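Next, two complexes with chain A in common: one pairs it with chain B, the other with chain C.
So, the complex of A and B:
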């Protein structure tokens, strides 16, 4: 065995676990979905090739437009919420405050991420109760009467956004907080000596230095919100009617309630392509504002 | 070299996939071959809500006195509705890990049987009738949903109807007594209005609308309507009687203001106990919660007569999956779980027993003065409509009912759309 072959062997051996996981849990399901989208398959009886029937059904499906529109609304509400407010929270905790207080805030902001989604969603669901919920009780003290959090197709988005913010803001906060820690203090000191104000330091040091992390949070949040499932599933059940049903919830319904795996795969592919396009666009634009030069 | 390494990786991958799939064991399906000495290990799907660990241990101890070599392991499958529960079991089967014996309500029996997933038990009944512990003791009408096309797929264990539950403290406060058996729609509305109160900022609503298929179907039956026709081949939700009932439900919230707007996670039993509502319609199952909470201010009555008065029923049994490696042992377990000992152990304060002897013994102990509404309706009750496509039908019905109750659609429009979707599902 030549040295080159040995190096290759070692390289492949190191790669093997990750490659195996990729093949089994990512490549294989993606290929299987693609194949299944041309079949009729109910998981109990063998699959049957039906050509393009699932794609024809996709374009004739009355509910798809609404669930895609709902998902877009979730993306437009939740992405800025997580990306901007996560940064503001991280900046607030990064300030020169007592170390103990910093630990306290970090724990408080990240704790909901660790809590069991189903349990806390149930609690939030009771809080959102129109008649007996604590939120409406407090609002009634200010003369605001009975907000239909779960019954109105408009309010339902706010209910999901409040829960999502409380539950998952800790993730964005933590990424930003780590990113802020990595910005050398000397840069701020030098800028301060040069007479730069707080806003100038933020615009010319913090934002450019944090841009890779901002980009990471933006991409992961956008992908996450496009695939949103837990929040509406646990809080609203997709209701009223289909008002808060996301594409992923709809795929779950087709696959695991109707057992139409072929059609569910077709819808999954459409969502996959949508996310791929959005992510590609983000990477394209990122060249204009993300700086990887950390010197 | 690269090709060899890639080949190795592919082989490892194939091996992994093969290891994940289940092995198809040979099926010993000869009913005559079963003996009490047969060694078997069975998987039973039964929730702790139906039978606690202590109750199941008690039942299995008794079972093992008869069949010492049959070991039973419980798997709990939690579903947000019957449809959701059945879907999860189907996913287990599709995943290559089918259990042996499953708790199935009437809502799912057609779906499992028509997909050829269940073992017909008639041959085993003929070969070992003693395991049935007096088959004639089972109420025939309640057993009938588990006999499909002349084949027996289980032995009915529990059943429920839907009656009205009253918080008797609230009745007293409003100066009302338990309504008579033949109370009407007008009487019901009067009760709901008188029971809707607000004292010291604490609101009590007269009634909570049942937002689930079984509960709503009971009210549809009483208005001479139903979700499906008798043959279960088309939906009847566009029938004027069905629309009238759904519009009445909407009016109870937004016009008469005697019912709270339903929320997805509402627990009507809890709301009745803490006085947030004064009436709700349910089966006998809330009595288990009443007992745990030591709540005794409750009584029951038939639902009010609207256009007619029909009582709905749903029942459950323990069918055996035809993929079981131990069909004889599984039959014995299925029969025992539907038997007298099992019913006496598990159905003292939850669902209604289906054995006539146990019903007579257990029902009088129900802590409600009008407990006879449970036993009186067994002979006249009509089964909840449960086609093969039950999970789909339930999901569509709940979605459109949700729109009506959220005041996002009038009943006629929503029910017409629901009918169209259900008909489409029933066609496939």
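So, the complex of A and C:
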């Protein structure tokens, strides 16, 4: 056997397990989703081709506008929350403070990311309780009485934002923290000798050097919040009414509670297209501000 | 640490010394703020642990406990007595660990093919894998559910393990690191008559340890915390994972005994805590080495 054909064989042998799993669990489902969106299927009886009926239903669905609007609200609240506050926290910890204290902050901010999500979310749902919740108790000490965290369509978003900050801020924080530590100190020394002020150094060294991390956090947070499910499902239950129901919760309801696999696929494809558009936009825009050539 | 000293402006010129003094004032404010925030971040944990030790009839009563006022360990016994809590923890551990090991093995083999072997179709397949990165879970979950139910694997751990073995992100991260290794390493080994498998296991894989470690840590966290898939695939209490089991625990005690629920929550923190102690070093190293260039 020649080296070329041997490389071909060995290459595909190394690739085989991943390729097989990719075809079965990613590629095939994507195609199947597209096909399903033209059918009526409840898993038990055979699927039936119904043409564009699901798409017609999609545009006539009253709840869809609301769940998309809710998801957009989650994206608009949670993305800046993590991207900006994570950075501010990292900058505050990445100062000249004791090493032990740095480790303490890193642990305190990051540990909730690891804490079993559903467990701590359950605990938080009790903390948000209007009557006996710990949050309202401490607020009442400051004269703020009875906030209806779960009963008001507006407060419910603040509740999710507070939980999301507590649970996930450590993620953005850690990426920024590591990014900041990897900026060569010689850059700051040189800038200082040139007489650059604090703000100048931040704008001309810190931000550009950190831009790949910023971009990573931004894209992953955007994609993550667009698909938000656990937080509303476990804390707000989507309520009051549909006030905090996300698109993903709605897809779950259609597919796995009402067993309308066809229509659920149509909705999931619409969310996929939305995510694709946001991501493409981000990548297009990133060329203007993300700099990778730093070595 | 040196860099921060420089940033703080510890230089000898007069102007910068003034700068340092002003920064110290603001530094105190920031220190105070960070300490307060740390307390607020820890307070829910303190409340969870303290309340988990209260008597059931006091579990909802105010004022809430930040520090323990009672030591009713019986709540912890209730958690194991009323729901199969040991199963929840062991199932979660078993599933997460199998996924980590399988995923790392499959991903690093694919990464090796992409980074170190030249063959026709390689780049095309790599691009298709990258496109797979863009596909969100909820697009694939419905057909995956149909497939899994046709295979008769609903309500088995395989329903969670099999689809999680493939994640293009892991392949991508390990491949990126393999690309930085000079080809002289493999060539020297092949010259000595080494096989591809030997070079993969003994030469290349140890050199990309940071990428493998960070991928393992992230895979573990993701699957340990996964709630959506177990919710869809598992029905039997004994087979449930910890996140899904929490809803069972909540349903069992929700209206009567908050302390028992919080005992379960407290127990759920043990594995993440151990994992943080042993895994955070690799997480930091891996992110540092990988640079996460997307």
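As a working rule, the second predicted complex is superposed on the first by the 272 of 295 C-alpha atoms of A that agree within 3 Å, B and C clash if a C-alpha of one lies under 4 Å from a C-alpha of the other, contacts with A are read in each partner's own complex, and residues count from 1 in each chain.
Please note the rule applied: a contact is a pair of C-beta atoms (placed from the backbone, for glycine too) under 8 Å apart; a residue touches a chain by one contact, two chains touch by 3 or more.
Source: prediction; values computed, not measured.
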Under the superposition described at the top, does placing chain B and chain C together on chain A give a clash or a fit?
clash
So, A:264: does it touch chain B (first), chain C (second), both, or neither?
second
Just checking: does A:236 make contact with chain B only, chain C only, both, or neither of them? Give me first, second, both or neither.
first
Of the two partner chains, chain B (first) and chain C (second), which one does A:178 touch, if any: first, second, both, or neither?
second
Contacts of A:14 with chain B and chain C, given as first, second, both or neither:
second
Name the contact category of A:289: first (chain B only), second (chain C only), both, or neither.
neither
Partner with the higher number of touched chain A residues, chain C or chain B:
C
A:69 in the overlay: touching chain B, chain C, both, or neither? Say first, second, both or neither.
neither
Let me test your reading of the model: by the given contact rule, A:122 touches which partner, first (chain B), second (chain C), both or neither?
both
A:251 in the overlay: touching chain B, chain C, both, or neither? Say first, second, both or neither.
second
Just chain B (first), just chain C (second), both, or neither: which does A:112 touch?
second
Would you mind checking which of 58-66, 94-102, 130-138 or 364-372 on chain B runs into chain C after superposing?
94-102
Shared chain A contacts, counted only where both chain B and chain C touch the same residue:
8, 12, 19, 24, 28, 43, 122, 126, 132, 256
If you look only at chain B, which of its residues touch chain A in the complex?
1-2, 5, 9, 12-13, 16-17, 83-84, 87, 90-91, 93-94, 115, 117, 203, 205, 260-261, 263-266, 271, 276, 391-392, 395, 399-400, 402-403, 405-409
Please name which positions on chain A make contact with chain B in the complex.
5, 8-9, 12, 16, 19-20, 23-24, 28, 43-45, 122, 125-126, 128-132, 148, 150-153, 235-243, 253, 256-259
Residue set of chain C touching chain A in the complex reads 1-9, 11, 16, 19, 27, 30-31, 33-34, 37-38, 41-42, 44, 47-48, 60-64, 105-107, 109-110, 112-114, 117-120, 122, 125, 128-129, 132, 134-147, 149, 162-163, 165-166, 168, 171, 196, 200, 221, 224-225, 227-228, 231-232, 242-244, 246-247, 249-250, 258, 261-262, 264-265, 268-269, 271-273, 275-276, 280, 283-284, 287-288, 291-294
Please give the residue numbers of chain A that touch chain C in the complex, ascending.
7-8, 10-12, 14-15, 17-19, 21-22, 24-30, 32-33, 36, 41, 43, 89, 92-97, 99, 104-120, 122-124, 126-127, 132, 134, 137-138, 166, 174-175, 178, 181-185, 188-189, 192, 198, 201, 212-213, 215-216, 219, 223, 226-227, 229-230, 233-234, 248, 251-252, 255-256, 261, 264-265, 268-269, 271-272, 275-276, 279, 292
